[in-house]
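Listed after this line are the structures, all set down as structure tokens.
Look at the two complexes coming up: subunit A is in both, with subunit B in one and subunit C in the other.
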Partner chain A sequence: MVSAATPRTGRRAATRRPSGRPRSAIRRRDALVGYLFIAPQLLGAVALVIAPLIAVLYLSLHDWNPLASTFTFIGLDNYTKMFSDPSFLDSLEASGYFSLGLVVLNVTLALALAVLLNQKLPGTTAFRTFFFSPVVVSLVAWSIVWSFLLQYDGGINGFLSAIGVQGPNWLRSGPTAMASVIVVQVFKNVGLNMILFLAALQGVPMELREAARIDGAREWRVFRSVTLPMISPTVLLVSVITVIGSLEVFAQIAVLTGGGPGNSTTVLVYYLYQRAFKYHQFGFASAIGVVLFLIVLVLTLAQFQTRKRWVHDEV
Partner chain B sequence: MLKRLRSSTLSAAVAAALLLSLAGCGGQDTPPTSGEPVALRMTVWTGNENHLALFNSIADAYVAANGDQVSSITFETLPYDEYTQTLTTQIMGGNAPDLAWILEGSGPEFVDSGALVDLKPTLQAVEGYDLDDILGSALALWEKDGGVYAYPFSNSPFGILVNTTMLTAAGQPLPGELLASGQWTWDKLLEIATGAAQATGKAGFYVGGYESYLAWQYLAEAWDAWGAAPWSEDGSTCTFTDQAMVDFMTWYHDGVYEAGAITEAGVRADFYAGESALTTAQISKVAGLDGSFEWDMVPLPSGPAGLQPVIGQAGVGVLTQSDHSEVAADFLAFFTNPANSAKLAQYFPPPRQSVLTVEVLGAANPLLTTEQIEAVVIGQMSDAVTLPSHVKFAQVSDAAKIALDGLWTRGADVTQVMGNICTAIQPLLGS
Partner chain C sequence: MKSETRRRPRAIWPKVVLYALMAVMSVPFVFPTLWMILSSFKPQSELFRKPPALWPERWTVQPYIDAVTTQPFLQQYWNSVYIATLVTLGTMLFASMAGYAFARIRFPGANAMFLVVLVGMMIPSEVTIVPLFRAANALGLLDTHVPLIVIPMLGAPSVLATFIMRQFFLGLPTELEEAGRLDGLGRAGIFTRIALPLAKPALSAVAIITFLKSWNLYLEPLVFISTKTKFTLPVGLTQYQDAYGELQWNTQLAGTTMTVIPVLLVFLFAQKQFVQGLAQTGLKG
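Now for the complex of A and B:
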């Protein structure tokens, strides 16, 4: 605020203002005011994000069993054990399947729904509400309802048998269990991505599309060459938050499958939960947390690094 | 300058927050100076108002008599499904309760890890406590190297709950009659369950606790009658591949996929809603019956290895992390003395022989007849075994479950799946 009121001056005045106070002092005061403004948020982030992150790194170097009151420094043993544990590799694979399935399905469906809703058709408001409402429903309640629908003698198989189809035991066979968890999660969150895409689509200038049409482009070509590049920053945003969200999936797994059948839906976070809260191996679980953090970091950085190739305003 | 200020401020903030968070990891409240009355806390998994009222009345009597040592005793209800996880998290956060209920499955882990205080010296020192009155079979799980690490306050035998309305409608013989004529076997149970399922289109039978095909240890309610066990007595060798276990699993698998008598994985059938003819259950479950159908409760049937009563158990112990473990142990001795055991027996079948009577149990379970209580509870207690438990129970149980899931498809190879279970859990058992 102080600097906003200060008139721009030449180089000489930059070091000493007419009042005689050095500019660096003003800058410091500005900085202090700025820090005070962000202090509440910064304190929260430090206490709840940064400090636990560092603590997890520290804990991952220890063998910590609170039940036995043991806390021993073991260096990188947890990491060595983790990478040689077949369950860890299985959970990585399960997380990979889940993320891939979720990102592809979620982004595609959200974009398709947004494009549909962007048309001037009757009933779009009701349609939008219909797809957005699961976003505000409690995740656990949502998962419990779906667990009833997906059980062997549940609602979905009841509907299928009414039309003469014998449905599978959705949550009890490996491939259908993972597919079910993915679809349940897609329906839960597709509304949010849909709204983000819709906002982006409504920001695409009409004249650009009209110009393309005048040049002879068909609707698909207009979408591919004009609309999609224009909304590419939103595609990047949606992809990043969906990838991060997909790696954090837990409640749906806990409610729907409990990581099974076998360990087919034991994703990384569920594996971490088992190690920490069921087996009391908190050091080992911290090491999983560190690896999960690095995976999210690398994937996010990779997406940002490649953005120049496909996000139009980064070119 | 600004840069230095920024980095030093940030470093200080991070360091302070880290220290704060780490301090929380191992911190304990400062113990009060001697002589000052302390506040005790016990974690439980019951939220039943009658149970809590009884606990509070016993606690009030203790505080009234020992006001110089204890100022208050609170009972904190934690959700049953997440009980052990929540308790462990409290311990981890330096907020351990003074006393805690412990589930039998995690009993050995708590006893072995040193998380519980040896109560024997305190219990022996209290006049009139009569430690010998407690059944040895009930105490076995909580003993180590001559010490006693928890009091097994609840010893509830499993029996079979029968929907007699459904069985009669299906034209099947009633288990009560079969028991009287000495024909009450697991094969017979499967036979009448099959008949009931075919006649009514509902479920025939499910093992209570294993209806969701997750907590396989509840299958022990049945497999003990085959003489089967998941691992050797010392917990070091997998015995899933033993013939007795293979025979039981074959029987169960056939019951699901050939006879259609046992509910399949992924199917929900609630006995208490009248959706199944038979299930295994403890006597306290009778309270969930609303009178919409006629029912009976009979002991577990006998199997190829004869009759083997099974109990579900829970212990209460004092945590070593408690700052007031001596006072807590003294309260536990009062809480479980013969007089208070008789009161607790209203709700929890006691391990004390002196209060294991039809009168006491009948008063608390008015829906059960004297004959049912005698047959299902009292007659079984002294020979009963507990459900499987292990020092690494959670880990071993999960590993076995992952492999056992392979059995729940039509045409699965039982011997191969049992082999897979041993391959998965033997490294954990042996380590």
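Now for the complex of A and C:
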């Protein structure tokens, strides 16, 4: 915006040669520095992101199994095979289930915790630390600990039996496995969204809420009719971002359930991993990657639209 | 709280309820970590005792001895530390350079190039894992740490860092840099002597995000590395399960405790930076 090359004081300018050459020379040197500064990042983006993305598209049109050393062009066969493959449809379903469950639970809990912390009682910073701390705990470590707590003779069932309840085998039975993975992931990362909501809540003018209270509105009514509408852009944006992030879930699945029981928790990325690195179907796995990319692309575009329409207060 | 009570005597009950609610809600967040630490000092038999007790009855450091002797845990620890450090330093350097150039320097094609870099933010790294694996294989880089360093440092994960740095420099007043220009500093001098020292908040956010991401990286080391001594911690930790027919839970928990505690301690001391920095990962895109 502001050209830093323009000398401001007349005295300084007067000492320069009058031809204007120094200025353009500075510009040229500036541009050169600019190119040098972005070169590593740009080359990295091209070599490690753009080129592999094109390669995924290309590979998805091939039957490629390095063990059998086959590499043949098969057109869209991987895709037609994929959409008639029940295990692929299962993984789509698992991802959908996981993302939906995660976003609903995560956003609700994050909002509830943010509202609690926003009461500004003395000592709430300690609770903020508690709620946020799992975010910095290694994901694999967190999953390992929960896999012990959730196993059949683990901590949670031990506690339940102490109060006379026989808990299920959380991670090994159909109905509870996916729910467990979702809950473990919510506790891991809900602190992040909580912070975002807390910032949004603190942006709601106190006067508005006070006014509603003076009008006789009860707390819940104030929250629903004043606070929630004010922060709804943030809620919407955070929800979309959470869904996008949830599609990348992998380590939790690998540690907690291994995709089972059956393939009820085999989400898209885990399915891709299995096809590529267990069964060596690299072409087929690339096709899964393309589908994953398209889903994320659609969601990202939706996110941009959301931002444009709803979020005006961005810096 | 006392003065509050005096003014509105009935308001004390909602407060008690709020505190109770927060205390109950804390359990699933704090208990697993606490349980992990305490259980890592228990003999294996105590882990499955009924009813379960949180506090160890007989303290032992045997799990820790087992954790570092049954597999090359210390080597894996060092791998994680040096890889995360290199990735963090490299990302701080390259992201601040690129972020500065995109924010401040005008050169032909800047917008188009920024768009190319930004694409990286939209693409989950899982999408490109197959071609990257193929490339690493062709270059003879499988079972080396090179992909674990280069991909996070310059590939998709580093884009967020560039974005954060660019946003920061855009918000920085230009007057100081102009003064530097008048004092005869060139562009590179202005960057290193004036802009970069001012960018500490953004740099610490980038450092925290990048270090944690590398420290927690799981899919990439799982795919690229096959030798135990070359594993990073997240992959190494899961190997305690496979080393025996029987799971050595307390050994594994000792390993996870050693992985988690240093990061948790740094977090407790630099909480503000962590919260602010990581909140930006949530707002990416």
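Throughout what follows, the second predicted complex is superposed on the first by the 249 of 315 C-alpha atoms of A that agree within 3 Å, B and C clash if a C-alpha of one lies under 4 Å from a C-alpha of the other, contacts with A are read in each partner's own complex, and residues count from 1 in each chain.
As a working rule, a contact is a pair of C-beta atoms (placed from the backbone, for glycine too) under 8 Å apart; a residue touches a chain by one contact, two chains touch by 3 or more.
Keep in mind that what you see is a predicted model, and the values were worked out from it rather than measured.
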Per-residue contact with subunit A, leading partner among subunit C and subunit B: C
First (subunit B), second (subunit C), both or neither touched by A:A68: first
Contacts of A:T300 with subunit B and subunit C, given as first, second, both or neither: second
Partner chain in contact with A:F277 - subunit B first, subunit C second, else both or neither: both
First (subunit B), second (subunit C), both or neither touched by A:Y152: first
First, second, both or neither for A:F223, with subunit B first and subunit C second: neither
Subunit B versus subunit C as contact partner of A:F37, first or second or both or neither: second
Subunit B versus subunit C as contact partner of A:F187, first or second or both or neither: second
Partner chain in contact with A:L116 - subunit B first, subunit C second, else both or neither: second
Partner chain in contact with A:R29 - subunit B first, subunit C second, else both or neither: second
Subunit C-contacting residues of subunit A that also contact subunit B: 31, 35, 42-43, 46-47, 50-52, 55, 59, 148, 153, 277, 282
Of subunit C, residues touching subunit A in the complex: 1, 15, 18-19, 21-23, 25-26, 28-30, 32-33, 35-36, 39, 47-48, 50-52, 94-95, 97-98, 100-102, 104-108, 110, 113, 116-117, 119-120, 122-135, 150-151, 153-156, 158-159, 162, 167, 171, 174, 177-178, 181-182, 186-188, 190-191, 212, 215-216, 218-219, 222-223, 233-235, 237-238, 249, 252-253, 256, 259-260, 263-264, 267-268, 271, 274-275, 278-279, 281-285
Interfacial residue positions of subunit B with respect to subunit A in the complex: 1-2, 5-6, 9, 13-14, 17-18, 20-22, 25-26, 84-85, 88-89, 91-92, 109-110, 113-115, 213-214, 264-268, 320-321, 392, 394-395, 398, 401-403, 405-406, 408-409
Subunit A residues touching subunit C - in the complex, by the definition given at the top: 1-5, 7-9, 12, 29-31, 33-35, 37-38, 40-53, 55-56, 59, 113, 116-117, 119, 121-124, 127-142, 144-146, 148-149, 153, 155, 158-159, 161-162, 187, 191-193, 195-196, 199, 238, 241, 244, 247-248, 250-251, 254-255, 269, 272-273, 276-277, 282, 285-286, 289-290, 292-293, 296-297, 300, 303-304, 315
Contact set on subunit A toward subunit B in their complex: 24, 27-28, 31, 35, 42-43, 46-47, 50-52, 54-55, 58-59, 65-69, 71, 148, 151-153, 169-173, 258, 260-263, 274, 277-280, 282
